[in-house]
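Just passing along the structure, written as structure tokens.
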Amino acid sequence: MALFRPASWTGPRRSILSPWSSPALVVLAVLITFVLTAGPILLAGANPIAAYVEFLVVPVTSGFTAIEVLVSATPILFTGAAVAIAFRAGYWNIGAEGQLLLGAIAGAGVGILVGGLPAIVALPAMVAAGALAGAAWALVPALLRVRFGIDEVVTTLLLNPVALLVVNGLLHGPWRDPVTGFPESPRIAAAAEFPALLPGSRLHLGFLIAMAVVAAAWFVLARTPAGLRLRAVGLSPHGARFAGIDVSGTLLRAALVSGAVAGIAGVSEVAGIQYRLTGGLSPGYGYTGIVVATLGALSMPGVALAALFLGDLTVGASSAARALGIPSQLGAVTQGVLLLTTVGLLALRRNRLTRGIEIGGETVAGDVAAGGLPSAATAISEEGEVEQE
Amino acid sequence: MTAGAVSGSAAPVVELRGITKRFGDLVANDRVDFDVGRGEVHALLGENGAGKTTLMRIVYGLTHPDAGQILVGGRPVAIRSPKDAIAAGIGMVTQHFSLVRPMTVAENVVLGRTGGIRLEMAAAAARVAEASERLGIRVDPGAVVAELSVGEQQRVEILKALARDCRVLILDEPTAVLVPQEVEALFATLRRLLDEGLSVVFISHKLGEVRAISDRVSVLRRGVMVGTVEGSTDERELARMMVGRPMLGIRRTERAGAGPPSTPALSVRDLGAAGVHGLPALVDLSFDVQPGEILGVAGVSGNGQTELVGVLSGMRHPSGGSIVVDGVELAGASPRRLMAAGIGRIPEDRHASLIPDLSVAYNLAIERLDDFRRGGLLDEPAIREHAEQLIARFAIRARPDDRVATLSGGNIQKVLLARVLSRDPRVLVVAQPTRGLDVGATEYVRSELLARRAAGTAVLLVSEDLDELLALADRLIVLYEGRIVGEMRAGDADPEQLGMLMAGRGRAA
Amino acid sequence: MTFTFVFDLLAATLRNATPLVYGTVGETYSERSGVLNLGIEGTMYAGAFAGFAVAFTTGSPLLGLLAALVVGVLAGAVMGLLTVTLGANQHVSGIGLTIGLIGISEFANRLLFQGGELRRIEPMPLLEPLAFLGAPGEIFHQYGLTYIAFLVVVPLAWWVLQRSSFGLEIRAVGDNPEAADAAGINVGRTRYLALMIGGALMGIGGAFFTLAVLGSFTLDIIAGRGWVCVALVIFGRWRIGRGVLGALLFSLLFSLQFRLRILPGFGELPFEVLLALPYLVVILALALSGRNVAYPGAYLKPYRRS
């Protein structure tokens, strides 16, 4: 059972927990979220119970909406997995949004260029380009972190608006659609479009790729030495270094893979939904990835479930808007509240368990449980040492 | 106990009666009585872990006692937090200063005591300057704390306590961070303050200093008050009270090949390393460990042991010197290279040396995952089998899938021991291997170390437990302030003399 | 270039810097107390919306301003609940707050105003105290909120942080909460207050757009300016003066590119390059200072008495 155990959110004492408490916590978070969002629903003049039915149940009752749930889940499966991979290593990548946009740019660029090529060449080329671009966008913050111990939270975050500016710069400049003059790129080649999985539906190849990525990430994390090393680094950077693991290299690789996966999310939106680069490509999928990863307890099965759940919520929010007149923005409200209740409950649980455990007059709980994050690099540099290998 | 009780010259300002504090099974303070009179320096002497700091943290409200009473001016008081202690006229300078480093001296001194909205910084600075002048504690009120030397920072701490009208000042190992000249300055300051009626509790394990400044000395050993004697008491007597008699648990057999030294398995030359505050923690350390020998490293903690083990574990960079195992130079090598060269490492912080949230099986395998791979995947059956074997061989009470964090201290130590010993290290670096373990686990760990010795491993055993060193080691070196101040055969060692060396008095012949 | 151009440029710089100044000062307060508040983007957004909604309904821009302030205080309190009381992860809490606040603002916007045609209020007037100066007087042709930002908020915020007892306490809990606690300071209360004050300023900064500049609320109105403030705080090394200087610099570039774009020859330069500058400069500055970045001592660390 993969628990929600990124390094610094937990102390060793967390282990008193039984493994099932994580799903229980998520269910509790969902319930609290529903209670908290009842207010806005009532303000909208709807019955909260009816609204929740509309949110959660109605989307899966018809074939069309059920497929739409999968469509909505596709980008956040990618970004959720991307964020979870990084967080599991103890690397706080808040930049999935920007990495996604760079992936979209690269995907669109290749998609436009591959005009004459067959799909079997065009599609892998796009995905590879997107992955590379996402990883490249993740590189600088990762290097700053492992070389200088500079907190990656702010650097990854700040690159998000920069990525959006790059997109807008392209769309208002060289890539402006020559035909319509709209700030949209030219349409990608037909061979570069992701085929629909079901004829006539919007569900596209991207969903399969997303599931494959999640499955592969699960497999690597759970079954390979590299995955075990990554988990070890996230759980205890000091212990991992002591055991001879290359902590810096592991962090760097995790950051780049995370960026690559987020980059593929961008390709998937370009090639599967928009067929061109647009300014409104992502309504914050990168940030939703943080919700998905947190809610999914940083485990890949959890990410899959959380992404489907949020996809359900998104489709439900638009159907609730039609049926009950509740503004569909309630979906975003729910996401935010869900994230806040989940981290709040996690912190509550951790602190209840760690408070006041003393050993020989020194509290061991104090430093490890600091729900904040003496990140691996900080912890290392505090010892006044230099990274090796 | 031979030492007779000596009472203070004046009525006690602060008196402790029957203070008891337990941490789990460990009794840190066992019905301890203690008092300090007006204008007096009462030293609290003892080895590390004797319970000195715990006792004084109780007085300052940082730790809560399980039983006992604190009297201030003859009246019982409840001290629940530092705030209560400050109100009762008690001040404490802890080993880790509680100063806000980017702030000025004056800001630190007035912190938490400012009334009103406006910070009267100029007035505060003037007051601090005046107090600094009057008390003879020279500090610039406008200086930023982070830019001060450690000695100056300590003066700020003392000034801070005095600015809160403290009448009893507790100093926890105040000289540990000071150079000799600064120690002199500190003592001069204290003498002036004593004349004005301040009382001082001076926590230390350095005999010379204790004798130089104290009116009375109380000695704690393993949480029990051994006795209170005059400050002029002979150093040998103090050392004897502090260290006690060794109680041998395991009988050591003389080393088989204890003849002329063969090629050393571990050879350390001129090793240096920086410690906290960037001060040198190890100075030109040189020693050899022979195959089949246990070299014990004695010393009060904080004299370079942590840094020595850190360097030999690959977790800390040496500032110079060489470490050679079997002709391979290893100074500054990574943990991976050290392990490959045959060094097994068991540092004192077991928790941090493992991944507590991973299973026992993974922790046992994590150093050598390449041996547990099958076609690029983790060979789970092999990892499990490996774990089961080691669990059986080292009598670890755990299942392979249990997370290490759920294990008892003894079993955690056994996991670490099993991980290290299963690789047949040529050299074993062990620190405080039995600290906090129960009797059974202690015996087990010691017998394993002796078994390794018999098998020809070179063992470097760092311990603050003299009984353990005398029971296990063939040879001893004593560390004091990062240097080797004595070396002897364990059979010839005399606890009294060891205590003197550990306390920085004299060198071995 | 004429003098009019220069005066006009400087006036625009001050105007564009105003919301950034509020946000940067607010974020500085949060971070100096030891809490990175990534809820800033959402708090500014909610301030913009609440300010407009109340001003539109009541007809009073002042009540709107008050609403933005209250919403900011509440947002700060929620951040405090999560990161101070519960000790939750600061950046995930901040991101969650931003997502939630933007969501709730858009939800309420939809509910109250049903989309439909653009609702407008009479924007706050521009003041012209020095009109008699002629062209140079143009620099002083500003909104009241701009005057308040530069003449009241910045000096006052600086004075409180550096010269008042409360400011000393904020700096102490942000750098060494253990020492502050030992000195008898209530660490939690101080951090809550810093977050709430910071939130109030962020809320007002957001309301500046709806109440003063536009007189209406549009989606994506903050457009990442909260993140700009986060960058400026680091650029200013957690100092109010330097942060404000950064805001002015950024606004100068922003205003300049806006004006240069209409000139022949400058049209080719994508203005996005200039917009991206503050972010890139901050990252570059971090990279250049390497290990020497002086983060507040308790940055990202919740405090719990042992």
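Lettered A, B and C in written order, each chain numbered from 1.
Note that a contact is a pair of C-beta atoms (placed from the backbone, for glycine too) under 8 Å apart; a residue touches a chain by one contact, two chains touch by 3 or more.
Not measured: the values here are computed from a predicted model.
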Using the stated contact rule, I'd like to know whether B-C or A-B comes out ahead in C-beta pair count. A-B
Using mean Cα positions as chain centres, tell me which chain lies farthest from subunit A. B
Please indicate the chain closest to the centre of the assembly, with centres calculated from CA atoms only. A
CA centroids of subunit A and subunit C: separation to the nearest Å works out as 27
Indicate the whole-number Å distance between the mean C-alpha point of subunit B and the mean C-alpha point of subunit C. 48
Rounded to the nearest Å, the gap separating the Cα centres of subunit A and subunit B is 45
Subunit A: which residues touch two or more other chains? 358
Each of the following residues of subunit B touches two or more other chains, namely none
Which positions in subunit C touch two or more other chains at once? none
Per the touch rule above, subunit C residues touching subunit B in the complex are 163-169, 171-172, 175-176, 178-180, 182-185, 294, 297
List the residues on subunit B that touch subunit C in their complex, please. 82-83, 86, 98-103, 107-108, 110-119, 121
In the complex, the residues of subunit B that touch subunit A are 23-24, 26, 28, 49, 53-54, 57, 63, 274, 276, 278, 313-317, 332, 334-336, 339, 345, 347, 351-358, 362, 366-367, 369-370, 372-373, 376-378, 380, 403, 405-406, 436
Note: in the complex, subunit A contacts subunit B through residues 3, 5, 10, 12-16, 223-225, 227-229, 231-232, 235-236, 238-246, 358-361, 364, 383-386, 388-389
Residue numbers on subunit A that touch subunit C, as the complex places them: 9, 40, 43-44, 92, 94, 140-141, 144, 147-151, 153-155, 157-162, 164-166, 168-169, 172-173, 284, 287-288, 290-291, 294, 327-337, 339-340, 343-344, 346-348, 350-351, 355-356, 358, 363, 365-366, 369-374, 381
